[in-house]
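Each structure below appears as structure tokens.
One chain, chain A, appears in both complexes that follow, with chain B as partner in the first and chain C in the second.
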Partner chain A sequence: MIGRSRLLGAAVIALVVFIWLPLVVVLAFAFNGGSNLSWPLHGLSLRWFRLIFGDEAFRSGLKASAIAAFATALVAGTVGTTGAFAFARRPSRLSSALESGSRIPVMLPPLFIGIALVAAMKTFAIDPSMWTIVTGHVIVTTPFVILIVGARLRNYDVTVEQAARDLGATPQTVLRRITFPLVAPSILGAMVVAFAISFDEVLITNFTSGTTQTLPLFVLSRLHRTIDPSVNAIAAILLLVPWLAVGITLLWQRTRPSRSSAAAPAEELARAA
Partner chain B sequence: MGVSRRLVALLLTPFGALLAFGVVVPAAMLFAFSFFHLSLLELVPGFTLDNYRKVVSTPLYRTYAVNTFLIAAPTALLSVIGGFVLAYFLAFRARRSRRFLLIAIVIAFMGSYLAVVYSWRTLSGESGIINSLLQATHVTHAPVGFLLFSRIAVVIAEVNFFLPLTTLVIFSSLSSIPPGLEPASRDLGASAWTTLRRITLPLAGNALFGATLFVFFLSAGDYITPVFLGGIGSSATFGTLIADQLGTTLNYPLGAATAFVMFVLFAVVVVVLRASMRAGGLLPRHTR
Partner chain C sequence: MSTTGAVSIRGVSKRFGPTVALQTLDLEIPPGSFFSLLGPSGCGKTTLLKIVAGLERPDTGTVSADGENITGRPPERRPFNMVFQSYALFPHMTVADNIGFGLTIGAKRERPSVRERRERVVEMLRLVGLESLSGRYPSELSGGQAQRVAVARALINRPSVLLLDEPLSALDRNVRFALREELLRIHQELATTFLFVTHDQDEALSISQLVGVMNDGRLEQVADPQTIYRAPATMFTARFIGAGSFFTADVRACGDGRAEVDVGGRRFSASDAGVAAGGKAQVMLRPEELEAVPPDPARLAGVVDTCSFFGAHFEIMVQTPLGPCRLHVREPRAPGDTMGIRWPDRAGIAYPWEEVSPVGDESEAE
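Showing the complex of A and B:
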């Protein structure tokens, strides 16, 4: 029995190391002083970051990705939250059909969404632009917002709203003073998740971007050439920006007195994924 | 609950419109395209089954199908097996390490897909870290070539990318199993293996089924990893083929037809997987 649990422990350690290996390597080489992509490293330095920030194409890619990610977070946050409210508060045949439909974009391979958008753009003569990029991102991120906000709406105590009504609050006041403050942390968490997904989305963006080059597309164009150590720094940015966004949100929520746990969005995502 | 019908309709509109104009209409257009044809590189509406005929009858497409399966199937199986091991540990064995492990996996889950692909290229190149380590420790004397530009390289990177996802999906299913169930089974005389086979795995059956299919689809539709980590033969997947037809060569009708043939093949995979999991007792024999 001890042998077996040791074996399980060893497998778990091996798997976690395996999962983290490429992420650690990217981060290590991004801050590596040498230009060889082999072990050992040659001291810490920011030379690759300095190099890429001096590159005009990189800066415009970063800007495009940031715009796309912020816009996606706003739009998916709005569309997803309104949808989640409708699903949670008034289940009807239409809304439950739509709710099961809300999983479709997540279940389809991004490639399929990308080429379907290509077909639609071709049919309606829509030129690729930031609008089409954001549309693609909103399609894949809205289901996550619905999932996260919907989970919060389902396990919260509706009686507080009824109590507020009994005490004479108008529906608008209840929404503003009771419902929204209770759900807001989840909405914010969901928007950060949408931001994070959008920031390194590439499989759909590749089809909807036209001449706009987002950061992942910039990396993709660099991958076609020979191995270039500065790509590590860009890949590190693709990793760190979403992590920082989520981390800062969690910290900020933790400093505020709130009934819902700070890690709620991540946990709800994990539970529903 | 004090929410008027009109308000609900208003709340549903944005999402309904997104689903309709972002997914349903584009998918319908794509389906229509698969019956069109090209004339002088221009898309001509019409109705022809030639595209489907070409996809089904050209031997090259069969090679693509086989290669896609040889990448997607091991990727799905390894991701789900590895995910189950991690999820099992998290749900039933981990004590103090549980929170730490869960956070480590959620953070990795939010990792960048491109960063992983790029990193494996650095890791497994002939002068990459794995080869320099192997040579430094005298396990091998010459660089190991099959780690890069091969089917194995594609599978390793994709498993790496999907593992956090499968772990979280299976964990959420395992954590709803009452903790007393396994000890009860052991008390009644079942071996650890029987308990796993007859109690734990069937209770996680739906999650295992869903995760396997999900990873299989995503892997088959991945068109970036095979190009950058696969060799000349192993990069020939349906994903890269379709991406090429709709992104580069702009043969929309053929690309659309390929995509829908791929969907039919997906459906076959769903049916076969369900049947074999039912036969193995991992899924209930009758649908609920």
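Showing the complex of A and C:
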């Protein structure tokens, strides 16, 4: 028994190292004082961050990515929440078929979606722009919102709504004062997931962006030419922005009063992210 | 007795697809009464409660409150409020906000002022004894406390009828007993009609003024608890309430509400619950009517099967040639003992004979 648990422990440690090592390397080189991508580091510095923030192309890429991610979170959050309510509250053969259909984008190769969007844009003579970027991101992120919000709607006790009706609340009041506050943490969590996916999406964006360069596209174009340590700084930013968003959401949910009911979406969110 | 809070149910029936939840039934609930609907799970008692609450619509029939037809009214426009089995407290609101919720609904000008609301919440907190917990959230309450909050929340709008859907069944035994008395006290204090749904016969018999026994979507009997226990009108009620012993008997004669019956050669006079002279009957004898005596060839004899301790008495199951028999005794008996059983000349209730299914034993197992 002891031998086996030791082996298991070693395997877990190896796995953790395997997963975390690249992250640590990237973060370490992002703060490297020297300009060689080799060990050991030449002291700590923020020079690569200064360098990239001084670059006009980087700043516009960051801005484009931020705009796309916010817009995606808003649109996917709204559409996905509406869909989740419809699927959870109006069960029928049609609605369950539609719900299965809404998961399709997750199963499609992003490359396929990208090509399909290009074909559609050509057919309808739509020029690539921020709008087309957001459209692509909404297609891939909405299923996640439906999944997360739908799970919350299905595992909560609907008798609280009956109780509110019984006390005199109209259906609109129930939605505003009972259902929405109870589901809100999940909606927010789902929107953060959408934000995180959108922020570093590169495959589909490549097809729909035209002349707009998002942050991931900027990185790719830069890697074509040379590998310099500033890429590590960009990678660190790409990593930290979604993490910060998730972290802030988790903290907010922890401090909410209804711990028992908010814990579930928080964990869902941590898993999805 | 108050003058409001009468509920009148006429010709109500309800089906869910192919299943008949309620057969056509009539029921009058007197104003200010503590009325229990009692029956096994699936008997339709909760469906009937939901129809009264307005959460379900009857297929046929009408529901009236104090003479006014309210069949088509949504729940929020009925003068009733409900206590749910699962409490259904709002998890994102404090105890005080949960209780006060009913006062924050409706058009602004009709709502009570903030000050009045606070006073009424405090009044309710005092009524259920939770003054010190007003700032807690539902996740921080015990089951008994949560149920008190649910009762207070349902009472704040001063409903003419309080509907209680198995409100005690999720609680521990001691808490359940304490809350039972609490409900009785609140009922006496407010004189609101309580319509209480339960599958627990002790609960129904101990706190109600009237009990409606339900089975299979029908009302078997509506009467006060003593009558339900002492004179169950049907075999079902007899088997569901208390724990009697049933013997097959021949009816020799009947009249004047009594039936002369013959159980395995022993003749006595039982109450007549609709038997015919010359026919067969099932006679129920309550455990407290039966007496354990030394074995005697002139009497019914049997072998002790099991003996269980109940504090005030022991309950023994005795196998007799006429079937199993349940007795209450003061001293324990060892399984395998032989003993005689005696009962008075006027004892038991005779029901028209029917095939026996073990209903009475299942009712406890829910």
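Note that in this section the second predicted complex is superposed on the first by the 260 of 273 C-alpha atoms of A that agree within 3 Å, B and C clash if a C-alpha of one lies under 4 Å from a C-alpha of the other, contacts with A are read in each partner's own complex, and residues count from 1 in each chain.
As a working rule, contacts are C-beta pairs under 8 Å (C-beta built on N, C-alpha and C of every residue); 3 or more make two chains touch, one makes a residue touch a chain.
This one's a predicted model, so the numbers in the text were calculated from it and none came from an experiment.
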- Message: Should chain B and chain C be called a clash or a fit once both complexes are overlaid on chain A?
- Response: fit
- May I ask you to decide whether A:P181 touches chain B, chain C, both, or neither, giving the answer as first, second, both or neither? second
- Query: Angle at chain A, chain B to chain C, CA centres, as a multiple of 10°?
  - Reply: 100
- chain B versus chain C as contact partner of A:A163, first or second or both or neither: second
- Message: A:A125 in the overlay: touching chain B, chain C, both, or neither? Say first, second, both or neither.
- Response: neither
- Of chain B and chain C, which one contacts the greater number of residues in chain A? B
- Touching A:T173 in the superposition: chain B (first), chain C (second), both, neither? second
- Given the touch rule stated above, what does A:T82 touch, chain B (first), chain C (second), both, or neither? first
- Item | Nearest-approach distance, in Å, of chain C Cα atoms to those of chain B in the combined model | 10
- Task: Please write out, lowest number first, the residues of chain A touched by both chain B and chain C across the two complexes.
- Result: 165
- Query: chain A touches which residues of chain C in the complex?
  - Reply: 53, 55, 74-76, 80-82, 84, 86, 88-92, 94, 101-102, 105-106, 137-139, 153-154, 157
- Message: So in the complex, the part of chain A that touches chain C is made up of which residues?
- Response: 157, 159-160, 162-170, 173, 178, 181-182, 256-261
- Task: Enumerate the contact residues on chain A facing chain B in the complex.
- Result: 1, 4-5, 8-9, 11-12, 15-16, 18-23, 25-26, 29, 36-39, 78-80, 82-83, 85-86, 89-90, 92, 94-95, 98, 101-102, 104-105, 107-120, 122-123, 135, 138-139, 142, 146, 158, 161, 165, 171, 196, 200, 202-203, 206-207, 216, 219-220, 223, 227, 231-232, 235-236, 238-239, 242-243, 246, 266, 269-273
- Taking the complex as given, what residues does chain B use to touch chain A? 1-3, 5, 8, 10-16, 18-19, 21-23, 25-27, 29-30, 32-33, 43, 82, 85-86, 88-89, 93, 101-102, 104-123, 125, 127-129, 132-133, 136, 157, 160, 163-165, 168-169, 171-172, 192, 214, 217-218, 220-224, 228, 239, 242-243, 246-247, 252, 255-256, 259
